[in-house]
Amino acid sequence: MWKLTQEFIHKFIPAFEHAWLAYIAGALVAALALLAFASLFAGLASYVERRIAGRIMSRVGPNRVGPQGLFQFVADGLKLVMKEDLVPAGADPILFRIAPYFVFAGMFGTFVVLPFGAHLVAADLDVGIFYLMAITSFVVLGIMLGGWSSNSKWSLFGGLRSAAQIISYEIPAGIALLSVAIFAGTLSTQGIINAQGGLPWDWFAFHSPFSLVAFVIYFIAALAEGNRTPFDLPEAESELVAGYCTEYSGFRFVVFFFAEWANLWIMSAISVLCFLGGWKIPFVNAPEAYSGWLWILLGFVIFSVKTLALVTVVMQLRWTLPRFRLDQMMNLCWKYLIPGAFAALLGTMTVMALFSWDSPAGIAIRFCTFLVGALVVLYYIWRIVANYRADSANYKKLTGQSMWYPPWRLP
Amino acid sequence: MQYFTNIKRSMMSVLEGMAVTFSWLFRRPYTVQWPDKIPEPLEKTLPATYRGLLEVDTRICTACLACEKACPIEVIAIEVDRNSETKERHIVRFDVDAAKCMYCGLCVEQCPTDAIHHTTLFAATTPDIGDLVLTFIKPGERALPFKPKDAPPAAIERGAITQALLDSRRGVE
Amino acid sequence: MIKQELKNIDELRILREPVEGEMLVNMGPQHPSTHGVLNFLLVTDGEVMHRAVPHIGYLHRGIEKLAEQTEYAGFMPFTDRIDYLAAMAANQAYAMAVEKLAGYVVPERAEFLRVIACELNRIASHLVATGSMAMDIGAVTPFIHWIREREYINEITEELCGSRLTYNYCRIGGVSHDLPATLAGKILLWLDHFEPIIDEFDRLITHNEIFVHRLADVCAISAQNATGYGLVGPNLRASGVDWDLRRDKPYSVYDRFDFNIVLGKGFRGAVGDSYDRFVVRVLEMRESCKILRQALVALPAGEIRSKVPRVIKPPVGETYAAVEAPRGELGYYVVSDGVSSKPYRVKIRTGSFTAMSIIESLSKGVMIADLVAIIGSLDVVAPEVDR
C-alpha cells in the first residue's frame, strides 16, 4: 500500500522529491489508514458481536444510539475514555501504564503485512508469515505485564494463564502455517495468495485432506492466541472476574478491548490469506487482477467477505461454547493439536511430492477435499433447519405468532 | 481409537451447538423494548391477579381494620376518629407505605368489601422515598365508613386512584 | 480482614503460617460465580487449590426469629424470601407444618394446585441452576435461553397467584387463588413447547464435549460421603442414593402420580460427579413435566380453601413437615405454646446449608475453575444458606 501512496505523493506533491521523505510520508499515511481501518473495524465488530449475541440469546442487543443502535460503540468508547484512569495501590506504575501498549503494538504490527487485495498491502515483506508469528508474540508480553503489575491476584492468574496459553498455541499455529509456506514456496503474504486460485478447490485449505486438517488446527490455535472462547481463560469472567484487565479502567481498558476486537480481523484474515485463497478472483488470472482499480476493488471485496464470514464464525463460537479448564487447554494443545499439525505437515508434503498441483490426481484430490468441506457445510445447514423446525409449530401454538424473525429486524 | 472418537465427538458436538445458536438468529426474540416500543402499556396487559401497588377505595371502606391487622409488617396505618357524642366514626387516616409493602396480598384477602385491592401498577419511582407513602385520605379530610346496606357507589377503574396519587406526588399535572 | 472471618483461632494459625508456594485469595463476596453473596477463602498453589473455606452469613436476615414476631398466617410471605428461586416449596412446607400442628384439612383441589405450582417452580429453579452452571463453565447462551423459559413460567405464576418470584401462594388450609381454565391450557401448551426445548438444550450444552470434560469426574461425591454430609435432593440423588420425599414419604397428593426418581449413574464419568448433578437436574425437569401433565388432567373440582379461623391458635405441640424442594428436603419445625397466635419457635432446615459444608472437603487439590463448577453443581443459593 505504501508503494501506491508513494506514487501518489510523488505525482501530486512535488516537494517530496527526496525518496526518503516520500518513504516516511507514505509510511505515515499507510499507518494512519490502517489505524483508521482497525479502529472502525474493532468498533463495528463489537457492535455486530453484541447484536449477534443478542439474537442468539433471544434478546435484542444494542438498539438505542443511532439507527439500529449502530453508534453504540462510539458511545461506549467515549464513556470509557472519559472514565478515571485508575492505577491500583501497590501496582507497578510504569509497567501498569505501558502494558496495554504492548498489546496494541503486537496487534497493530501485524497489519503491516496483512494484504487487503492486489497491491493493497502496507509492506509485502519477504518474511511475511514469520513476521506475523513473531509480532503476535508481543501481545503475550503486554498481557503478562498487565496481569503482573496490577498487584491483584486475579490479574496475576489471568496473565500467567495467558502466557501459558499463547506460547503453547504458537507451536501448532506455526506448524500449520509451515505447511502453507512449503506449499507456496514463499513466506510473503502476497506470494502465498498468488500460489492459490480463486475457485474453492484452488484454495490451499482443500489442497488435500491434510491441509484441511492444518486449516482447522490453525483456526483453533488462532482462537486460542486471540483469547476467544473457548480459550478465554485469561479473562474468564466466572472464574477470574476479568483476568488480566480486572484492574484496568478508562482508556487503557479501551486499548485492551480494541486489541481484542481488531484481533478478530487479524486471525480471520490470516486464515483467509493462507488457506482460503485470499483476494483471488475466480476465473481471473494474476496479472489481470493486478491491472485495474476495479479488479483490485473486487479482490478487496472478496477478501473482506471471506474474512467477515470467518469473523462471524468466531463470534458465534464465542456464544456457543463453554470454556476449557487450564489443564484441558494444555492437553488439547500438546496431545491433539501439535501431533495433528505435524501429521498434517507430513501429509501435505507427501501429497505435494506425489501429485503435482495440476496433475489429474492432484485435481481429483483437491476436488474431493472440497466436496468433504461442502458436505460439512450442507450438514450444518441441515442441522440449522432441523433445529429451527423442531420448535416452530409449538411456538406458534403457544404465542400465536410466527417464529420467523429476520436477524436485522428490531422488535 | 479413543483418541479419534474424542476428536469426532468434539467436532460433532461443537457443530451441533453452532447449529442451535445459528437457528436462533432467525427466531423471534423474547425480549421487548420496554417501555417505549410495545403496542400498549404493560399495566394494561398484566393479568388481573397481578399484585401491584395497593389501592384503597375509601368510599367503600368499612373501617374494620382487618387489613391493618393482617399485614405482617405494619405497612397500613388507619386511624378512625370516633365522636363520643354522636357515636359517628370517621376515617381520618389511611396510609399505605408502598416502599415498605412486600405485596403479599394478605390484606386484600381480609377486606370484606374489596376496598383495598392490588392494581397492575408497578412503576412508582420517585426521587424521595417518602413520596411512596400513599395517603388515601388526605390530612384534614374525613371519610365516612361504608355500610354494607348502603348502595355501592359507581365503580372506578382499577388503578385510577393510586395513579392519581402517584402523579400528584411526582408533580405531574 | 482475615482475622474477623475465620471460625476459630486454630484455623487462623494454619492460614497465617507462611507456607512455601501458597497464596491466599479472597473469592467473593462480590465475585461473579459465588451465586449471591458468599465468600470463599482460597489457599492455592497457583491454580491448584489446597483448600477453600466458605464463609457464610452475608445474607442472614433472621427469618427464624421474625417468625416469632408474626402471626401464623402472616409468616407466609417471609417463607418466600428463604429461597427466592423456589418460594413455592417453602410456602407449602410451612403451610403443611401449621396444618399438621392445628389439624386442618386441605381440600383436594388445593393439594393439586399446590403440586402444580410446586412442580412449575421446581422446573423454574432447575432452569436457573443448570443455566447458571453452564454460565459458570463459560457458556452464556444456555443461561439466557433458560431465563427465557423461566419467563414463561413466571408469566404463568403471575396469572395464577399474582406474583412472579415471591409467590405467597399457599395459605394455611389451602391456596390463595384458583387456577383459571385458560391457564391450565396455557401450561399444557407451554409444556409442549418446553420439552423439545430441553432436547435443544441438551444438543447445545449437555452433550457438548468441552462441557462434559469440564464436569465429568470433577469432585465426585460417594454415596457414603453424601449421606454423611447430609446432602439432600438432587445432590444426594446424583450420588446414587435413592431418596426422594415425594415418593418415600409421600405428602400432599404425590402418591397419585407416576414419575421416576432420577439417579446419578455416572453418565460420563464417576457416579456423583459434577456432571451427574447437572444431568440429574435436567432429567428431573422432564419428570416434573410428566407430573404436571398428570396433575392438570386429574385436577378435581371443589373448594380451594378450607374454613380456617382468622386468627390461628394451634394447640400446644411441635411438629416437623418437610417437602422435596428443588434444593432438597426443606423442613419446617414449628413449636406452638398453645396460647399465642404467634409460633413459639420456627426452625428451618434447608438443603443449601448442608451442601455448603461439603465444599471445603471437596476442594482439596482441584483447580480454581473446578471450584466454580462445584459451587454451581451443588446449586447453592446464598439466602437459603443464611436465612
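Letters A, B and C name the chains as they come in the text, with residue numbers starting at 1 for each one.
One rule holds in what follows: a contact is a pair of C-beta atoms (placed from the backbone, for glycine too) under 8 Å apart; a residue touches a chain by one contact, two chains touch by 3 or more.
Here the structure is a predicted model, which is why all the values come from computation and not from measurement.
Undergrad: Give the identifier of the chain nearest to the protein's overall CA centre, each chain being represented by its own CA mean.
TA: Chain closest to the assembly's C-alpha mean: C.
Undergrad: Where the centre means the average of the CA atoms, what chain is farthest from chain A?
TA: Of all chains, B has its centre farthest from that of chain A.
Undergrad: So, what's the distance in Å between the C-alpha centres of chain C and chain B?
TA: That pair's centroid distance is 28 Å.
Undergrad: Where the CA atoms of chain A average out and where those of chain B average out, how many Å apart are those spots?
TA: Between these chains, centre-to-centre, one finds 51 Å.
Undergrad: Centroid from C-alpha atoms only, then distance chain A to chain C, rounded to Å. What do you get?
TA: That gives a centre separation of 43 Å.
Undergrad: Can you tell me which residues of chain C touch two or more of the remaining chains?
TA: Correct list: 141, 148, 200, 203-205, 208, 210.
Undergrad: Hunt down the residues of chain B that sit against at least two other chains at once, touch-wise.
TA: In chain B, the residues touching two or more other chains are 14, 16-17, 20-21, 30.
Undergrad: By the touch rule stated above, which residues of chain A touch at least two different other chains?
TA: 56-59, 319-321, 387, 391, 395
Undergrad: Mind pulling up the chain A residues that touch chain C in the complex?
TA: Residues in contact with chain C: 53, 56-59, 153-154, 157, 160-161, 229-230, 232-233, 236-241, 319-328, 387, 390-391, 394-395, 397-398.
Undergrad: Would you mind writing out the residues of chain B in touch with chain C in their complex?
TA: Within the complex, chain B contacts chain C at residues 6, 9-10, 13-14, 16-17, 20-21, 30, 46-47, 49-51, 66, 70-72, 102-106, 109-110, 118.
Undergrad: Would you pull the chain B residues touching chain A in the complex into a rising list?
TA: Touching chain A: residues 7, 14-33, 37 of chain B.
Undergrad: So in the complex, which bits of chain C are touching chain A?
TA: That would be residues 23, 25, 31-33, 46-47, 134-141, 144-145, 148, 152, 186, 189-190, 192-193, 196-197, 199-200, 203-205, 208, 210-211, 213-214, 367-370, 372 of chain C.
Undergrad: Over in the complex, which chain A residues touch chain B? Could you list them?
TA: 52, 54-60, 63, 313, 316-317, 319-321, 336, 376, 379-380, 383-388, 391, 395, 399, 401-407, 410-411
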